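One chain, chain A, links the two complexes that follow: it is found with chain B in the first and with chain C in the second.
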Partner chain A sequence: MNRDPKTMFTETPLVRSKFRQEAAAKWIFAGMAAAMIVPLLLILGYLVERAWPSLSLGFILDVPIRGMKEGGIWPAFVGTIYLVFISLAVSAPIGILAAVYLNEYAKDNWLNRIINLAVINLAGVPSIVHALFGLGAFVYAAKFGYSIISASLTLAIMTLPVIVASTREALASVPRSFREACWNVGATRWQTIQAIVLPNSISGILTGVILQVSRAAGETAPIMFTGAVFFKAVQKGDLFPYQLHEQCMALSMHLYTISTQVPGVKESIPFATAVVLLGLVLVVNAAAITLRVWLRNRKKW
Partner chain B sequence: MTVPDSKQPANFSFAVREAHRPAWAVFGERTLTGLIYLCGISAIVFVLSIFVFVFKEAAPVLFGGKFSLAQFLFSTEWYPTSEVNKRYGVLAMIVGTFSVTGVAMVIAVPFGLGAAIYISEFCGPKVKETLKIVIELLAAIPSVVWGFIGLTVMSKLIVQYTGAPVGVNILNGGIILALMSVPIIVSIGEDALKAVPDSFREAGIALGATRWQLIWRVLMPAAKNGLLAAVLLGVGRGVGETMAVLMATGHAVHIPSGILDSVRTLTANIAAELGEAPAGSDHYRVLFLTGVLLFTLTFAVNLIADLIVRGIRKK
Partner chain C sequence: MTAEKHIEVQDLRLAYGTKEVIHGISFDIYRNEIFGVIGPAQSAKTSLLRCLNRTIDFSAEATVSGTVKVDGEDVRRVKDLYGLRRKIGMVAPLPVGLPISIYDNVAFAPRCAGMTRNGELDNIVEQCLRQAALWDEVKDRLDSLGTKLSGGQQQRLTIARALSHQPEILCLDEFSIAIDPVTTMRIEDVLKELRKNMTIILVTNLTQQARRLADRTMFLWNGEIIELDSNEVIFSDKTKDKRTYDYVMGIFG
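So, the complex of A and B:
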């Protein structure tokens, strides 16, 4: 029996125009999706092409010379790593525990609705307002001065919602029956979390932590007025060039500086800096995505 | 998800636990639980302290007597470093912020929602997965890189194709902001479409509707709140974006007369001048006041978006 909808019935002009409409709609929407992605790929390709003369491992490992007009980006690269790891050390524990609270302890009452709202708002506060907060709270009120500590703490608060959101999702995906089984053998709530919930969601939590790294590495505004500096003399290849109470350079800040504030920079250097920063962020994100896909495929429940 | 209190059978479980758990373990667990509660409310503490600290720096000028809030909000005269006649009016920056965000939304809303519809309704699972990953990577590009793209690539294209005297202007900032806010619009919009029950789609198909009719007559009305929230979050992102607009919109403090004019936004103004304003000066405090204004704006936008999304969940 003929079940093909296009030939099963006699096609009237109305039906034909309906299918034409549908096909047109499909292509228009596909075009819209493509229009957001294709130009971007072209732009990224262009960035890499312009950066090509300077791109090499030596570019990352070298220090800037002649007033940042030539040379590499080593001090900025190390500075970014410093900022990312210190902010991670602060925001990961707080964020994970906050997510544990929201998912495992919180009941649906007004306090927790306010907490939810606060998390959403923390994610929505403009980065420059975070910078103002960091300046007022850490640089002046807490007397940390312009330092790596101030900048990292500002970054930590800014990236907290990233960790809270993804950790929560990871915790929520652990089936409730797992917890119930554990409670029924007499475990307390924390014992259940520690022995059952956290081990079963650790990869999801890790994804959140990785996303935090990528976010913190790319931010400029919050560190601009709290601890990042235009230039700092650093020895080539020095792994620990900064003290915690000192200011440091950072990749994002360096890109801003050499592309807007320093005249006469060798042309390919800002492009190469942008490509390195972009590459760093995209590689870290790709790692998080891979981890998530791998995790979903091997899930037992 | 909320886990209700587990009522453990108290009469025997207590006896067992007390017998086998040393005091330090019980104490440790209490401490940890306390710590978890503390971290739980930390988000509130942070949001409040952001407001308090920013407001505290701005307060002396706000309540200092010679400052008028009306002038701050409705004057276009911004002469913070003038010797004789200091003026702090941010109207031009407010207009700048909204013109750039407006242009961005004109581009990003149709394309973002179109892409969300395509991902949610038209494409197969493989394409869907790929597109979602690409969108996620798009969202990860740092704003300073977007700014750099605006400054180098986009400004050249704009000068070449529109004949504008300078390439860093509203159009440039708008396009860059549009590309930046598309990922958020797509992902929230797709969530909203996914939240429409399948029975709606089935009913539409059973009546002989094509996909397009289904989307236009059934899904869009059913998901309109979620789509609105997606747009609002896009607006929030646009208003709050700093580095990209700082680098891509030029620095002219004036009411723009066209889309090819340079403007300065509220965020860019803070970023550009905070470094030069001596700490504690009026100029410095007015910049913090601008921060309070921005905080309030984005807070309102996020609150409304959240209420709309919550409304959907209730249904």
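So, the complex of A and C:
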């Protein structure tokens, strides 16, 4: 080390190369981070440009006409909302409660290790396999037939493990010292969960659930096997066109059929459908982010 | 001093996994005494306290043997575990303000025990905060968050919370490490007051604090009792074990 006060702070080749490496590293990392926006902008720009002739509020509210070659996408739009809402209404309570058990109550024994393993593996199962399972379990074995209920339950099974995992993560972010302080004054685990753990993890839990909306909305294979249909006659703007035991249309499925199965579709319609699907997902994600920011501002430590 | 036994510890052993940290210790704590516990780090002082109110149960790898009796009742056999924990007030070394209001921090334990009447809760909150020497600083902002207090204030809030369920035994684990000396002295005065209706276990690294407050002091080292005697003996040159004398005099440890 150079401790001579006259030359201590002058640049040496070592210092210069250190600065160069630092600058290079920063630019490389920043460049990669910036590259993340490029695909998104390209996709959005391309889609919106191609979809432009068809994009309007009427496109969402209208029903398809002339063998789906023209018109809007209302039946598919409503169908997707049905599927997402019902599947999450099933998977969110089960997933959250299961995660509370696993994180707050479960001891480290063989049964709980198996449950953990099951959760991790379920999350990794490809959606087409979920689709086959849903077909066997809900359509045939449970005799729900090809229906909204079968499709929703299949989507619920698919989203469940991810909800469990994200909820556990949110619960684990509450410091253990808070729990111990409660136990020390004679609170039961449930009293501790109610008073301290849930209020401080609810933002993370909700975010995890809402992010599954986009996943459920986008999946095609599971609903194609279990309840989504090619075409269904629906009144324009009808809010409740489907019964639970009926099949329904869905945006992802609709996009697939009009792009590949129907000849002579007006060119901009598949793109407009994709824009609506993407827009739906982005709106939900934006809502999730807003909710998280709002709840985090109320976070208390 | 009445010699009624409040806590009886018989051949207590505690192991985390295969590592034994308390090697079969036995001692009694009498009602209404201040019982000092001194000893260097890793001498299992905190683990000992956790055996008393059975929060050691939350460490999955811990195995306990031997008996701990509180009021003549074996803590491993008590029916109402939560009642046992309410009987023992516990102040942990690191301050923990719960992320709820100051009022709720103190009212939490009584509420968990089923007390709901607001008037009663108000009284308890004020009394406990006064005893913890915190009332004057927070009486105008009882609904602000416990986590927003300074470290020292949170420590006193922890003490107030430990008093809120009206315990018969108060365990203080290094309560003064986050508190300034003046406040420490105020709390020590409160402790002298509290001992009239409580048994106090004072775990401390400050040997002088044990000397000031305790009636008897136990020197714990590596999970064994080196010496347990009245303060006149422990803090004198008449100790039976030379290590006690050396530790108290600051020659080692």
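By our rule, the second predicted complex is superposed on the first by the 248 of 301 C-alpha atoms of A that agree within 3 Å, B and C clash if a C-alpha of one lies under 4 Å from a C-alpha of the other, contacts with A are read in each partner's own complex, and residues count from 1 in each chain.
One rule holds in what follows: contacts are C-beta pairs under 8 Å (C-beta built on N, C-alpha and C of every residue); 3 or more make two chains touch, one makes a residue touch a chain.
Just so we're clear, the structure is a prediction, and the values are computed from it rather than from any experiment.
Colleague: Quick check on the superposed pair: does A:107 touch chain B, chain C, both, or neither? Answer first, second, both or neither.
Modeller: Both partners, chain B and chain C.
Colleague: Applying the document's definition of touch, where does A:13 land relative to chain B and chain C: first, second, both, or neither?
Modeller: Neither: A:13 stays clear of chain B and chain C.
Colleague: Of chain B and chain C, which one contacts the greater number of residues in chain A?
Modeller: Higher number of touched chain A residues: B.
Colleague: Check whether A:141 is in contact with chain B, with chain C, with both or with neither, and answer first, second, both or neither.
Modeller: After superposing on A, A:141 lies in contact with chain B but is clear of chain C.
Colleague: Once the shared chain is lined up, is A:183 touching chain B (first), chain C (second), both, or neither of them?
Modeller: After superposing on A, A:183 lies in contact with both chain B and chain C.
Colleague: Please work out whether A:263 is in contact with chain B alone, chain C alone, both, or neither, and reply first, second, both or neither.
Modeller: Touch status of A:263: no partner.
Colleague: Have a look at where A:217 lands relative to chain B and chain C in the superposition and call it first, second, both or neither.
Modeller: So A:217 only meets chain B here.
Colleague: On chain A, what residues does chain B touch that chain C touches as well?
Modeller: 107-108, 180, 183, 186, 188, 191
Colleague: Once bound in the complex, which stretches of chain A touch chain B?
Modeller: Touching chain B from chain A are residues 18-19, 21-22, 24-26, 28-30, 32-33, 35-37, 39-40, 43, 46-47, 50, 93-95, 97-98, 100-108, 111-112, 114-115, 117-122, 124-133, 135-137, 140-141, 157, 160-161, 164, 172, 176, 179-180, 183, 186, 188-191, 211, 214-215, 217-221, 224-225, 252-253, 255-256, 259-260, 270-271, 274, 277-278, 281-282, 285-286, 289.
Colleague: Hey, which residues of chain C end up touching chain A in the complex?
Modeller: On the chain C side, the touching residues are 53, 55, 58, 60, 82-86, 89-90, 92, 94, 96, 98-100, 108-109, 112-113, 145, 147, 158, 161-162, 164-165.
Colleague: Mind pulling up the chain B residues that touch chain A in the complex?
Modeller: By the definition above, chain B touches chain A via 1-6, 8, 13, 16-17, 29, 32-33, 35-44, 46-47, 49-50, 53-54, 56-57, 110-112, 114-115, 117-119, 121-123, 131, 133-134, 136-138, 140-145, 147-149, 151-153, 179, 182, 186, 210-213, 215, 233, 236, 239-243, 247, 267, 270-271, 274-275, 279, 287-288, 291, 294-295, 298-299, 301-303, 306.
Colleague: Okay, in this complex, where on chain A does chain C touch?
Modeller: 107-108, 177-178, 180-188, 191, 195-196, 199-200, 299-301
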